[in-house]
Structures are given as structure tokens and as C-alpha cells.
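Next come the structures, one after another.
Next, two complexes with chain A in common: one pairs it with chain B, the other with chain C.
== the complex of A and B ==
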């Protein structure tokens, strides 16, 4: 790739990060953060990491921005007796303590750079990576080496990481316990609603293709699940916040999420029962198939489906927990009581 | 400058920007934005460690020297988990706002004096 263009993209990346830091309005900062995430995904694809680029793109455009905006709108509701003054930051000129922190940060960056230079900017390649590159096709039957590492060689790590998502969803549900769904937006116009009805099936088709082809091409359960969650966020934006709550009971999402987790653990236990070890793939008797065809990779497509269910339902219920309005315990909200 | 050195430099600058945002921000949202920036810088750093100049993506069949797939597997899950952590942080922000009626760190009772 053209070095000048690459340098320009890196400069843009730094510029958006600095503007996310310095912009006076929080909303502008959030949008700058969103642009930063999309630029970061472009950088990942330049660095030959298509899986990571896809994940970063869907997470940033779909999840993080919308969660920020929901939290922002929840805190900006005007209620009586509330300090609703925006904290507007003026960075010019810097205060004294900010100057001290600025110098600390510059010093931190300097010493980090001093720590990187002895590495010689050479890539780290150990025996593990060489083994994965040389034998992943034979041992797992998957074409996507990253998927093979995620769901076969390091499947136990992945189980732990989807457990982290479960913990987060639990935490947010506890924090918003007792709050209720509230019609905070009535949706967009008729034209947008009808167009969205055509687009939503395509989004869901795209998500399922990402999940099901995860062992062949960049993608997998994490990315596809996030796209599914994005589709349910579209419901909230386009059809109003009470649309999905009325049609899809939270219980369904909980069941989907738990089923995904149990499915993952159950596939691992099959390996344990056959005596090959937890989350074993080919050794546990899963047919590996022909590498490069749709039916291949043994347990990897099944694990992808489990993770897709888990991540999709988890992130969706995470968003809808925050859409629920908080009940102020000590006062009625004028004009907002249903 | 090579690709790797540019990328490392960008990661360090963004990390320090995020750290500065986290330390100087008085608004709770600003602090969460700082954490998010630091996380992005860290992901960029880890991906760059596995980058091979002139490498190809780790997809079979390989058409050249592939980049290291191990950092990709690490960061892929980290991105999703980072998103849920940021959501948890924002949930705390909303909760704090409903209790204290302010987003200003210095006005929140119990954190000063």
C-alpha cells in the first residue's frame, strides 16, 4: 500500500483521537470516537487483520456509539431539582494541574517509545504461531486460521470470554433493576419504517452468513452476533423504543443467551466424554470434512453458532436494559407518567 | 518510516491522549471516552506486534508469508468484551447521575475530602 496514504490515515486516526479528547461538547466527542473506531478498523485491514477489522467496524458503528447515545439521552432528561448544567471544559489555556498531567502523559509516551525501540520493530513469531499457520488446515479443517485458534486451540479462553459478557449483562441488569420500559421515542417517519422493513431481513441474512461462514472467511460468532444486536437496535431507533419490548420478551433473549452458553459448554463436554479433553475438535470424533467446503472444521461452525447466539442476545439485552427509563424514587416526573 | 514504527507511534500517541482525557476529564462521559481511546490504542499495539511487512491475511490457502494469527485471536474477543465493559461503565454513569443529579466528578459527594 502507498506509504503516503498509510501515513495520512494514521494522521487522521491521531487527529480524531485528539479531537475526541478536546471537543467541548460530549456529543461531538462521542461522534469523534465513532469516527476513530471506523478509522481504526481501516488501519486493521491495512495491517492484514480482516477478522479484527470486521469486529471493530461492527462494534464501533453498531454498539458503542448507540450505547453512548442512549446513556447521554438518559442523563440529559430534564427533571425538577436537577443540576442539568453541562460540564463544559475549556482547554485553552490549560490549568496548572492539567499542564502537570500533560507533561506526565508526554513523559509516559516517551518512555513507552523508548521501550519499543529495542524490539527493533520486528514482528513477534513464536513456535505457537508457526504451528497454527502450518498445521491449522490439517488439524482443524478450517480455512480461517483465526477461527481455528479461537475455537479449537484456545477454545477454553473463548468460553471464559463469553462468560465475561454474561457477567457484564448481569451487572447491567442488576443496576437497572426496577426500572421500566418507557416510550422514549415514537420512531421515524412512514418512509423510513417501510424501507427498514425491507432492509432488516437482509441485515439478518448478512449476520447469519457471517456466523455460518466463520470457518471459511473472516467473520464468526462474535461479528455476526454483533450485527444481529445492531438489527435489534435498528428496531428501537426506527420503530420506537416500545416496539421490541412489546414483541420480543426479554425472557426470550435470556433463554437464547443461556442456550448459547450451554451449547458451547456441552460441545466441550462431548470432547471430555470421548476422552480427548475439553473442547477437543478432531480428536473427539467431530468429522473435519474437506477443508474449504461449507461442511468442514468439525465443531468450529457449531461453536460459532453458539457464540453468535450468546453475543447477539447479550448485547441486545444490554442495550435494552439501558433504554429502560430509571424510576426516580423520590419524585414524580411531570408529563412522563404512563 | 516503516509501517510498524508508524503504527507503534500512533498507538502510543493515542494511548497518551486517552490517559490525558481520563485524568483531566471532569465529566464522567469524558472519562469513559478516555478509557475507550486507551483500549483502541492497545488493540492497535497488539495487532502491530503480529504484523509482518508484506504479509498476507491468515486465511488458507496462503498466498505468501502470513501475519501472526495469534494477536488477532486475542484482540477479536477483547473488542467485544471492551464494548460490554464500556456499556457497564456507562450504566454506572447513568446510575450515578440518577443519584447525584450531576455528571461533574468534583461535585459528586463522597469523592472529595
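== the complex of A and C ==
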């Protein structure tokens, strides 16, 4: 890749990060963060990490932005009873405590840099990395080495990640459960609703292809699940959260989420039952198939599906539980010009 | 499918697209209010992106890749205008009016709905 282009994108990355920190308006700051996420995903795809680039593109520019915007509107609405004008504090760009934080950040970055340099940038170091590169195809049957590492060699860590998401969703759902405002806006205008009806099936198709092809091409359960949750967010925003709740009941989402978790743990237990160890793949008797075909990789596609169910249902129920309070009556006049 | 004529057409399409995108960026910076900026941001940007994508579709070797790029173009053609439409509508409902507007059908309809 052209080094001038890479350098330019890195400069833009630093510029958006600094501007996201220094902007006085939270909304502009969130949008700068979203731009930062898009640039970061471009950097990841330049560095030939398409899995991470996909995650970054969906999560940082889609999910995080929408969740931040919802949180922002929630906090604004709590204050809207007493004072609706935006308070702009007198703000000095560099106070002493911020200088201390800046110093700590620069120091940490320096030591990270010093830690990376002796490892080398292009050469692989360590036996584990070389083993994965050389034997992942043979041992797991998956073409995507990242999926092989994520769901076979390091399956237990992935179970931990799932547990983290499960805890987050549970916590936020409990936090927003007792809200009294169960109102929903009627969504956006007729034009947007009709057009999104063309787009949303494509989004769902894309999400399921990412999940099902996770062992062959970049992507997998986490990425596909997040794209699926994006479709649910589109439902909430474009058609109103009551439409979303009517089509996909929150109870169904909870069931899907728990089922995904149980499915993952159950697949791990199969390995334990056959005596090969928790979350074992080939050794537990899963047929590995031929590498590169759709049915290959043993338990990896099944684990991908479990994670996709879990992440998609979890994130969409998280967004729904946050957005259902937001949609208060002041949102606007419902309906649209015929 | 990499003859010189095809490449020439492809590069001229891409150049046209870059011109439109540049015009869109300049318009977003230079135009006075929200609605004119949205105008620059949607029409010129959609046209620019479509031309660039058509150029890229001509460049790539297989028809599968070309179909993929055309699918992206269709996606862009649907999403960008409706996003702009939603922003403009939200702006109007938020109370930002286009200053020198003489005709305001949407406002009239909204008022009629309020009276009902």
C-alpha cells in the first residue's frame, strides 16, 4: 500500500481523535468519534486485518454512535424540565489536571512504542503465531485463520467475551427496566419508511452471510450479529420502537440471546463428554470437512451461529431498552403528508 | 475486459466522480444554511460516488466483482437521499426555516394538521 496514503490516513486519524476530545459540543464530538471509527477501519483494512476492520466499521461508526446519541438525548431530556438551553461552560483548553492526564497518556504511548519496536513490525514472533499460520487449516478445517483462533484455539476466551456482553446487556436492561415512559414515536416520514423496506432485507441478508461464511471469509458471529442488531436499530429509529416490539417481541430476543449462550456452552460440553476437553473441535469428533467448502471447520460454523444469535439479540435488546424511554411525546407530530 | 478504451472510459468516469465529490465538499463548506448544504451533500455526493463506482465496476476483471460494486452503488443511491431527507425534515420540525422561502407547503400542511 502506498505509504503516502497510509500516512495521510494516520494524520487524519490523529486529527479526528484530537478534535473529538477538544470539541465543546457533545454531539459534534460523537460525530467526530464516528469519523474516527471509519478511518480506523480503513487503517485496519490497509494493515490486512479485514475481520477487525469489519468489526470496527460496524461497532464504532454504527453501534457506538447510535448508543451515544441515545444516551445524550436521554440525559438532555432529564434536564429539559428546568432548563432547556444548552449550557456552555467557560472552558480553558489546557487545565492542570488535563495536562497531567495528557502526560500520562503520552508516557504510556511511549512505553507501548518501546515495547513494540523490539518485536518487529512485519516478522512474526513466537511459536504460537507460526503454529496457527502453518497448521490452522489442517487442524480446524477453517479457511479463515482468525475464526480458527477465535473459536478453536482460543474458544474459552470467546466464551468469556460472550459472558461480558451478556452481563452488559443484562445490566443495562435492569437499569432501564423501571421506566414509566413506554411511548413510541411513529417513526420517520413515509419516504424513509418505504425506502428502508428495500434496504433492511439486504442488511439482514448481509448479516446472515457474514455469520454463515465466518469460517471461510472475513467476518463471523460477532460482526454478523452486530450487523443484525443494526437492522433492529433501523427498525427502532425508522418505524418507532413499538413497531420493533410488535414485530420482534423483547421476550423473543431474550430467549434468542440465552439460547445462543447455552448453545455455545453446550457445544463446549460435547467436547468435554467425548474426553477431548472443553470446546474441542476436531478431537471431539466434529467432522472437519474439506477446507474451503461451506461445510467445513467442524464446530466453528455452529459456534459462529451461536455467537451471532447472542450478539445480535443482545445488542438489539440493549438498544431497544434504551430507546423506548427516549421516545417521549414531544418528538413531533405523528403521521405524514399523504 | 481491460482494453484501452474501457480503461479510458473508466478513468474519465472516475475523474467526473472526483469532480462532483470535490464540488460537494466545497458546497458543504461554502453554502450559507442547512438546506443548501444538504443539497450539496446529497446530490453532488451521490452523483460523484455513483460515477466513481461505475468506473470501478468497469475496471474490475470478473462480472461477480462488478455486480458487487453495482449493488453497492444501488445501496448508496437508496440510502444517501433518504438520510438527507430525514435530516432536512428533522431540521424543519426543529424550527430551522429556510430564510428566503416564499412557498412553504409542508409548513401549511403541518399547521392544518394541528388545527384538526
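The criterion applied here is as follows: the second predicted complex is superposed on the first by the 273 of 338 C-alpha atoms of A that agree within 3 Å, B and C clash if a C-alpha of one lies under 4 Å from a C-alpha of the other, contacts with A are read in each partner's own complex, and residues count from 1 in each chain.
Please note the rule applied: contacts are C-beta pairs under 8 Å (C-beta built on N, C-alpha and C of every residue); 3 or more make two chains touch, one makes a residue touch a chain.
The model shown is predicted, which means the values in this text are computed figures rather than measured ones.
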Once chain A of both complexes is superposed, is A:21 in touch with chain B (first), chain C (second), both, or neither? first
Would you sort A:171 into first (chain B), second (chain C), both or neither based on which partner it touches? first
If we overlay the two complexes on their shared chain A, which of chain B and chain C does A:132 touch? Say first, second, both or neither. first
More chain A residues in contact - chain B or chain C: B
In the overlay, answer first, second, both or neither for which of chain B and chain C A:234 touches. neither
Which partner does A:195 reach: the first (chain B), the second (chain C), both, or neither? second
Taking the contacts chain A makes with chain B in one complex and with chain C in the other, which residues are shared? none
So in the complex, the part of chain A that touches chain C is made up of which residues? 188-189, 191-192, 195-196, 198-199, 202, 332-333, 335, 337
In the complex, the residues of chain A that touch chain B are 3, 6-7, 10, 13-14, 17-18, 20-21, 26, 29-30, 33, 36-37, 40, 43-44, 46-52, 55-56, 59, 63-64, 67-68, 70-72, 74-75, 79, 81-83, 87, 89, 97-98, 101-102, 104-106, 108-109, 112-113, 116, 121-126, 128-129, 132-133, 136-137, 142-146, 149-150, 154, 157-158, 161, 164-165, 168-169, 171-172, 175-176, 217-218, 220, 222, 226, 291-292, 311, 314-315, 318-319, 321-322, 326, 328
Of chain B, residues touching chain A in the complex: 1-10, 12-21, 23-27, 29-30, 32-34, 36-37, 40-41, 43-44, 47-53, 55-62, 66-73, 75-77, 79-88, 90-95, 97-98, 101-104, 107
Sort out for me which residues of chain C touch chain A in the complex. 75, 78-79, 82, 85-86, 89, 93, 106, 109-110, 113-114
